[in-house]
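The following blocks contain the structures, represented as structure tokens.
What follows is chain A paired twice: with chain B in the first complex and chain C in the second.
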Partner chain A sequence: MNANRESGSPTSLPIALLCYGAAAVAAVALPLAGSPLAVNLMLRAGSIVMLAISWNLAANAGLISLGHSTFWGLGSYAALLMGNRFGWPFLPSILPAMALGAAVAALLAVITGRLRGIYFAIATLALSEGLRVIAVMLPDLTGGGAGLFIDQTLRPEPRLTAIVTALGAVCFALLAHLLSRTPFHYACRAMRNNEHASQMLGINPLRFRITVLALSGAIAAFAGGVNIWYGGFLDPDIGFDLHITILAQIGPILGGIHTLAGPIIGGLATLLIAELTRMWFGEQGYSLLVYGAILIVSIMYMPNGIYGTLRRLCAPWTKRRAAAKTALVAS
Partner chain B sequence: MTALLEIAGLRAGYQESIVLEDISLQVQIGEVVALLGANGAGKTTTMRVITGLIAALGGTIAFDGEDLSRLRAERRVDVGIALCPEGRQVFPNMSVMENLLLGSFCRHARARRAATLELVQELFPRLTERSAQKAGLMSGGEQQMLAIGRALMACPRLLLLDEPSLGLSPRMVQLVFGAVAKIAEAGISILVVEQNAQAAFSVARRGYVLAGGRVAAAGTIAELARSGQVEQAFIGTDFFKREGAACSKSGA
Partner chain C sequence: MLEVRRLTMRFGGLVAIDDLSLTVKANQFLGVIGPNGAGKTTLLNLITGYLTPSSGSITLEGAALVGRKPYHICRMGIARTFQVVQPLAEMTVLENAMTSVFYSGPHRVSITQARDRAFEALSLVGLAEQSGMLAGALTLGNKKKLELARALATRPRLLLLDEVMAGSPQSDVIDLMHVLRAIHASGTSILMIEHLVPVILALAEHVFVLNFGQELYQGRPEDVVTHPEVIESYLGKPLTALADA
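Up next is the complex of A and B:
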């Protein structure tokens, strides 16, 4: 019982499931009912939350990635090529995209071996840059620097891509939630804390590293794959964009790293801040500066993220409520 | 009597530097054995080779008659070897309960988790009181109890204790070694590395004294205590003679 509270899921499972259910309904209803702007927002929200969840999963196991655009880009290229070369429609093409993301992530886990911390981070950064250069140098496959358009006859309605993205985000959030109750999650946390000590308890670090990275890679590739069907155009700079890498980590850091709710809150908050500054300060000019400043100040003054700060602020209130309850029982 | 752990002619080290030249030792079933020696004698390295954290360069290690050398570190927990590492190494950001539950990660221990947990909490009532507290916020002694408890959660047949008295108050050392004695009574074999020879002698029946990567002396605790070889390994052969001479000189 204590274990569950410590792992960052204060709510009971039925309540959590209800929340996920409501989110899933919203994920379907909002794009169906809404304007193209709502469709666009849902797609971006879903993508950013998926990236954040994916990044946070790896971070839970102590693997700080600086190259999440690797999996995003591979997912994009896989989905696009499945469509253009083999005529696969939208939904089926996402499966090979996820498989490729997972496979390369697993390979990365094996290759990086005992690299941790900043060394692992640099390896991931190098991988995404390397793949970007490779994509430029293989014009027959990727269209090179000029890029590729996805087969227009196959393109789904934007509404559908938005629904799939948002539903995907809800599903992966649920998956992360369910995982947090399993020995898998504890093994990852133990590895992050102290890998040698965890090995002494019978945890095989390589196995868990491969599994968690493959899962993380598959989720980011899913996001990349769906986005290419929405955007329609892909070149190496879009696929293996450093911005994706940054986006993947801002969410968890802003929201609360190593928690369940943190990446979701942080991802949505990032999007909200970006949209608000754009509305207030215009498309160009100061908006990005303000956006950056807000992020920096938030991270400086909320070292445990939005979720951590909320929990701290709510702590005295929940404690008082518990005390009142016991007093009532006593009287 | 069969040896549970049998090490013969063990050589090991880190990259170019050989730490263990030639170590041979045995732990019988149900026995408590002390591994003594000064800093750098190779005690912790011996523990690391037994647990598989570093590979042996030569010699053999057998556990319950089976060769261990091909077994990876995490698999050795499954066969029944648990290490309580030097410096405790609890997971600081996890609660006491989470630390304990992680101890029973391997399959055979997970099946008996509830029963083992009860035994561990009986052995260390303090851990029950602190069960929701973060392990990193506890005192050194409490962390040591947790580290031992966590190792016990793996249901080991052989418990390796690396410097359980490190950094503890004399009172805490007594408490910890009291618990070690109880663990031994339960029939678990123990190999304990100690600098605090007195504490080790309170629980062990036999001991090995390491010096320079070799076994300098071996025997029952009584034999070791009588022969003076423990002092010799810890502070050098003619320490007292030289010091005595220096004192008398400066006095004159």
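Up next is the complex of A and C:
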């Protein structure tokens, strides 16, 4: 019926819940059972998927962010400082990290007012770059350009950070799925399509802008907060890294923007491509070039992302199955 | 119901609405006609909060509308269509109408309820069969119908229509006229801007002629078409022949 699946259909919910359940089990089991490599992979997979979900939520409402490292970086600094200054351990420190990410995102929503499209994107880019510079200029708080190590006595086992990251990714994927079945999702999409006209349907754009950005900011800050406990070291270039910003949007674009499955598929595919090219071409040089080339070609030849392409390829099959079903009912 | 008092709207040096007063009575079907550029769309933009007037007041059952945002005015019970259609292009026709339902009323509405109400509105305007299509893929005539369905799905007390029939095939015009009659009969007040004068004459109880942002004439439809000034400035020729059509 509709080519773009932006929301989960009611019939798919039980199946989806099963998938999330299975993913949650894997999120706990793999790092527990696996090698340090598995722990590292789970941590990166969870992070990349969370970033993709976070970015896609904002994109659903027409807010294209070029500064997702803002929230990641704020989350990292908040978690690190809660540990180093107040002795907060790993898990509790994630809450203030999320709160800070949400608060700054909400502030961004208010300040950028009615900015849309490229103007909003540039504002987000400016914010992340501005925060990076501020972090350099506040050595008493952030350690400045030299950076800071997190209090080693508080550091959790790497396995735990990987489990929390992977579980977080599953939870936020589920949250995005459940949200897609609420009026909130309709309002966001209406804003993306036509903010002017959607006001006449009773939609207050600022309200949804604040909510969706705060949610997006909190999710990215969660990812940043957990990662600092795994990595142990933070400086402004790591916290407000442009690479994070790019990673956040590659997943949804490669997987299928504005869809539920797209950011997850795309995020995991990005990681897979990065790992495979590294395995085949070694650590540096050609590896990055091939990685970039694969991304570019994939995005060029799959304008609706991997998920959109899969759906198109499966369409004849689904149709045939639906036809068979109706035939069965008719007979 | 709706009171527009001494309303003026200036765009730089251009006076689009000039000291205009107009009333829509409860359950009235008011037709508004006037040449291109007369200020009809501007009037709707002022009523629905898309523009803030230079001076004057607009009230709905005594409550001031000037200074309120469109989403607030929607929740007060006013709905409108846009002359230049504004479909939510990447959403289906049904989702367009569902979006109308969620935030236009005082109560929370479930997805299922919204789907039912949206489908009702789509069926009424004759878009039920297209409900699964993306709104951006509709024909212009159907996009106009979607404008109407979306407005109706908010369950307005006052419906403002901006040339909702222009661009529709003749058969659709007849259908839409029946639809509007039914909506009016169910108790909704209507202010209808329309270029197709015969349609206005057939539907409206009262006709307001706008010219250069001012009232040129208002009265019963049959009087409007024979009024010399209206004929001279707008119709060009007596419209009795057309009215019979």
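We adopt the following convention: the second predicted complex is superposed on the first by the 317 of 331 C-alpha atoms of A that agree within 3 Å, B and C clash if a C-alpha of one lies under 4 Å from a C-alpha of the other, contacts with A are read in each partner's own complex, and residues count from 1 in each chain.
Going forward, contacts are C-beta pairs under 8 Å (C-beta built on N, C-alpha and C of every residue); 3 or more make two chains touch, one makes a residue touch a chain.
This one's a predicted model, so the numbers in the text were calculated from it and none came from an experiment.
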item	value
Which superposed partner A:201 touches (first chain B, second chain C, both, neither)	both
First, second, both or neither for A:181, with chain B first and chain C second	second
Chain B versus chain C as contact partner of A:146, first or second or both or neither	neither
Touched partner set for A:193, first chain B, second chain C, both or neither	both
Shared chain A contacts, counted only where both chain B and chain C touch the same residue	2-3, 183, 186-187, 189-190, 193-194, 196-204
Touch list for chain A against partner chain C, complex	1-4, 181-183, 186-187, 189-190, 192-194, 196-204, 258
Complex contact set, residues of chain C against chain A	48, 50, 69-71, 74-75, 79-80, 82, 86-92, 95, 98-100, 102-105, 108-109, 111, 114, 132, 134, 150-151, 154
Chain A - residues contacting chain B, complex	2-3, 5-6, 183, 186-187, 189-190, 193-194, 196-205
Residues on chain B engaged by chain A in the complex (per definition of touch)	51, 53, 72-75, 77-78, 82-83, 85, 89-95, 97-98, 101-103, 105-106, 109-110, 131-132, 150-151, 154
